[in-house]
Amino acid sequence: MSLRRRSRPGESLIQGFLFFCGAFSILTTVGIVYEIGKEALLFFGDPEVNGWKFFTGLKWQPQAGEFGILPLLNATLMTTFFAMLIALPLGLCVAVYLSEYASPRLRNWLKPALEILAGIPTVVYGYFALTFMTPLLRLLFGKDVVDIYNTASAGLVMGILILPLIASMGEDALSAVPRSLREAAYALGATRLETAVKVVLPAALSGLAAAFIVGVSRAVGETMIVALAAGAGPNFTFNPFKGAETMTGHIVRISGGDLSYDSIDYNSLFAIGMLLFFVTLSLNLISQQIVRRFREVYE
Amino acid sequence: MPIHSPRETFDRALQKLLDQVLLLGSMVEEAVQGAMEALQRRDHIAARRIYAADQQINEKRYAIESECIALIATQQPMARDVRFLAAILEIITELERIGDYAKGICRINLLLGESLIDPAAWLSLQQMAALGLDMLHRALDAFVCQDVKTARAIPAEDDAVDSLYNQLYRRLVAQMAGQPETVERSNHLLWAAHNLERMADRVSNICERIVYVSTGEIKELDSTEGNIETPGN
Amino acid sequence: MPQTLSPQYAIQAKNLSVYYGAFRAVKNITLSIEQRKVTAIIGPSGCGKSTVLRSFNRMNELTPSASIAGEILFMGQNIYAPEVDPVEVRRRVGMVFQKPNPFPKSIYENVAWGARLNGFRSGLGRPNMDEWVETCLRKAALWDEVKDKLQQSGLSLSGGQQQRLCIARAIAVKPEIILMDEPASALDPIATLKIEELMRELAEEYTIIVVTHNMQQAARVSDFTAFFSMDEDRAGALVEYGLTTQIFTTPKDSRTEGYITGRYG
Amino acid sequence: MKNPLPNPLQPVFEPEVAQRNRLAAVWRLLFRLSVAISLGFLALLLFNILNQSFGYAALTTKIDPASLAVNGAALQTLGKEDLLKILQAKISKGRLRQLDRELPLSERSREDVYALVWQEVVQPEVAYTWPLLDSLWRPAAVRAEAAARYPQAQLTFRSWANASFIRSSQSSDPLNAGVRTAILGSLWTIAITIVIAFPLGVGAAIYLEEYAADNWLNRLIQTNINNLAGVPSIIYGMLGLAIFVRTLQPLTSGAAFGVSDPTTANGRTILSAGLTLALLVLPLIIINAQEAIRAVPDSLRQASYGLGATQWQTIWHHVLPGAIPGILTGAILAISRAIGETAPLVVVGAATYITFDPSGPFSKFTTLPIQIYQWTARPQAEFRNLAAAAILVLLLLLLSLNASAIVLRNRYDRK
């Protein structure tokens, strides 16, 4: 009976396989950066394209050789703005209610209900925007004011989609605030509202900020709602009731059609994709950083 | 090996300790008995042997004492357990002192040399020793059985020992007054009688401890201390 | 050092230091544990008792950044030698943890699993698994309480029973040494006494090393006691080691005396 | 009682509790309202779909079925022979041959031929549809409106989601269109996604939780996974387009295996779609599985190691059994996300119109959400009704998946 190390080839084999599984995700990222970057570089390398005009041009007309991202970017920001207009206040209120007011039993019902809302496929939201929100807006503001395809409808419905995300992340942040802090506030004679708003909310502020940023990132990358409801055609307008195409909407519309590879149109999609990727990536990184700092405070 | 009591190890240690106390008790009984027999036979060899054997009694006592202290230090005895250990510490001291009395009687045996003992005086001495040994024996039994009733009864028997002592005292004092040449010898016998009288007192103390273990009350059981006519040693 | 050491030790630490990253948690421990005795390790919180205990079966390696210097000899062999297999060490040096942690399996499976894992073989003159499970549960003084519900979950037992199940589980792989890391600290006093009594029983067959912050417990159950303390550099060090009766009646080091009389710094 | 003179050193409090409580009550109401609004959205969403899935439809026919009566017997009472005669008389020879090629007419059942007559000869068309609410609330008004605007039309209450909707394949005729092709496409795609993503994801989670030391490489992997989970799905679509459809075309089209579908012969296949979705859900599966593994108490691992188990024995016997309900639940949630994904599949190149069932991983594909997208994007109202019906099917599919997740979790929990 010696203590000598036995060789266990099975163990090493398994460990090697598991490492491969873990490292596989790196390949995905490398794939994204390499493949999308490669095509995007082909786009920027094209003599027809001007890198400066890409970021400042007000027209996106590939047929005319005009590649200005601003109309697409503007539409993306408009839908994002409307989405956050709905999702942020409602999501925050729901988060506060769930974390500070709701009884555990009620919470056990509400959270799955919100999860259902979050789990509905986005194409269904797109359908909802087109067949419910747009008619509603046209009823409220008049058919001549509101186009059939418009950014407001898409943005508002996107807000409903993002609401449960904000509510859930917000509730996590609020619940992470230690009980002792609340008890201290109550012991000083604060009302529930004062405890929630003046003690818990500020303590959870960075967590809430992270939720907000993730919401924005989600809204920027959201595709199907805008593809169905926001309109087709890059249109530089600040009128929320006019149709305008977002970055994602444009990618879906163009790639959904018959597209020849190695054309400048094809490459331009990857340039947009690259921009989209970096915007959402940096938003996600910022939010993760905030969350990490937030955790360090209470753990 | 099922465990009956959660503290079986401790219980076993206490049992072992009790056995040691009984062993010490029988060593002491034997010493007193032997000392008296040697005195009767005027057997100096036996007296010397018993005198030396007292060392073993002392060692036994110290062994029990350190075992007691170790148990108190390591087992955190509570309630009856701690009273039991405290009682043992007291009881072994008393036993060791009784052992010392036996040793004293052996020394008197040697000091008396070859001189004869007055038969009447001897009879008193022997009665005292028999009474005292009987008390000691029954006290130790009562300790084993935690027999409070017996333990409470035994100290009363001390009166008989005391009256025997008083008788013998008067007799020896009268003898010394009448026959000045017997002063030294009578004085020695008086010492032996005194030792035997003290032995009965110490048995009373042991009985007090037995009652204490069971009831928790510490009370003087021996009410006859004042009946002794000499100022003691 | 105790004067009455027999020549054969179960486990020996030589100049053992344990580090967590750059922090030295324990320094220069030299300690020889007697076979088939209960050895208790006591000392104030943070003095590295558990760290030392866990280094005896290389469990400390599961903590990232932990490393050791010095030697630990088990059957004369350094268990930290590169060719030594920690898995083998842990089979032969079993462990019982602070909180009872039965597997979420049946009582029977809890005991049988480790044995089966380590290639338990029944056969001529050897017990079959059922007998072995019974033997181990008996040794752990649990058999009478669970014999009619062996298929119930181990989690259905009371805390004290769970801990005895964990002990049964540990002895089922026939270790030579059982390490116990505050095995009764999560239990009520009666369950604690049962575990202590069990340690005494097990010491007839196994070497037991128990870490406890309860020095009365150490006094009650152990044959030998090692007192650890913290130095100025916050590293744990061995102050005094000897027979339990000696440590608790006439400690030689004033720090030991201060600690056990409750007058520690 | 007379107030003593105020002591200048004593502070004075004006708690105004009543006022503060009023404010608290107002906000409490607001918070409640927010929750109600959020749940209202959910109700509205579901109502909207139901509202569009059922309702009155005004159907017109190209040929009045009454005119097809043979010897006074109504169309629906005719035997197979008479129906075949009608078919031969009313439709072109070419179409007839085509139908015969699909399945010889003589072998078809009477019901089948009857359906063909209805489809090919009578050719009903949807003139107008009313939502469920109108149909239930004011049927008289609907009837009056239909009579006034579509005097020729027959008004019937139509359930757009019905058994034949699930059985039929895609068609340009909204009355005959169905989602069978799309459902099969979804199932094929998801099967591939599961086969790829589940083992990879669980393996990665085990590696990160049980093996990975805290070094830069593993931290990079972890950060990377967290970020991948936040990358918009359309980016995965572009990755799939660039890698699976173009670069790996020989593999994904099946050409490398000699099983390439002659009608496609490019990489826009079920396999590409499944692989793309696998990449998409991989980070979700990993993160969920990591949480499940992390929830297994460390004491179990220690107990196992303490008995001399190897690392893999510990994982296999104790960590995984403890974590499997969580892992499965997380995986099912990730899979349901994949089932609902549309954008990446559009980018990867879902076929816009296929009527035949997928035959394997190298077939062209469409999926349920793609079908919904395409129907929704069409301007005709009746396709919106179809889309609503398809959404109903999709939601039911997701609901049953999630229900199975709950059942699974409960069963393991009880054990």
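As written, the chains take the letters A, B, C and D, and residue 1 is the first residue of each chain.
Convention: a contact is a pair of C-beta atoms (placed from the backbone, for glycine too) under 8 Å apart; a residue touches a chain by one contact, two chains touch by 3 or more.
Source: prediction; values computed, not measured.
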Chain separated most widely from chain D, comparing mean CA positions: B
Nearest-to-centre chain - CA centroid comparison: C
Chains linked by the largest number of contacting C-beta pairs: A-D
Computed distance of Cα centres, chain D from chain C, in Å: 56
Gap in Å, rounded to a whole number, between the CA centres of chain C and chain A: 53
Rounded Å distance, chain B centre to chain D centre (Cα mean): 100
Gap in Å, rounded to a whole number, between the CA centres of chain D and chain A: 20
Contacts with two or more other chains, residues of chain C listed in rising order: 87-89, 92
Shared interface positions of chain B, touching two or more other chains: none
Each pair of chains that touches, named by its two labels: A-C, A-D, B-C, C-D
Footprint of chain C on chain D - complex, ascending: 213-214, 297, 299-310, 313, 317-318, 321-322
Of all residues in chain C, those that touch chain D in their complex: 57, 59, 62, 64-65, 87-92, 94-97, 99, 101-104, 113-114, 117-118, 166, 169-170, 173
Interfacial residue positions of chain D with respect to chain A in the complex: 15, 20-21, 23-24, 27-28, 30-35, 37-39, 41-42, 44-45, 48-49, 52, 199-204, 206-208, 211-212, 218, 220-221, 223-228, 230-239, 241-243, 246-247, 279, 282-283, 286, 310-312, 333, 336-337, 339-343, 346-347, 349, 352, 369, 372-373, 376-377, 384, 387-388, 391, 394-395, 398, 402
In the complex with chain D, residue positions of chain A that touch it: 8, 10-11, 14-15, 17-26, 28-29, 31-32, 35-36, 38-39, 89-90, 93-94, 96-98, 101, 110, 113-114, 116-117, 119-128, 130-132, 160, 163-164, 167, 189, 191-194, 197, 214, 217-218, 220-224, 227-228, 248, 251-252, 255-256, 261, 269-270, 273, 276-277, 280-281, 283-285, 288
Contact footprint of chain A on chain C as seen in their complex: 74-75, 77, 79, 82-85, 87-89, 92
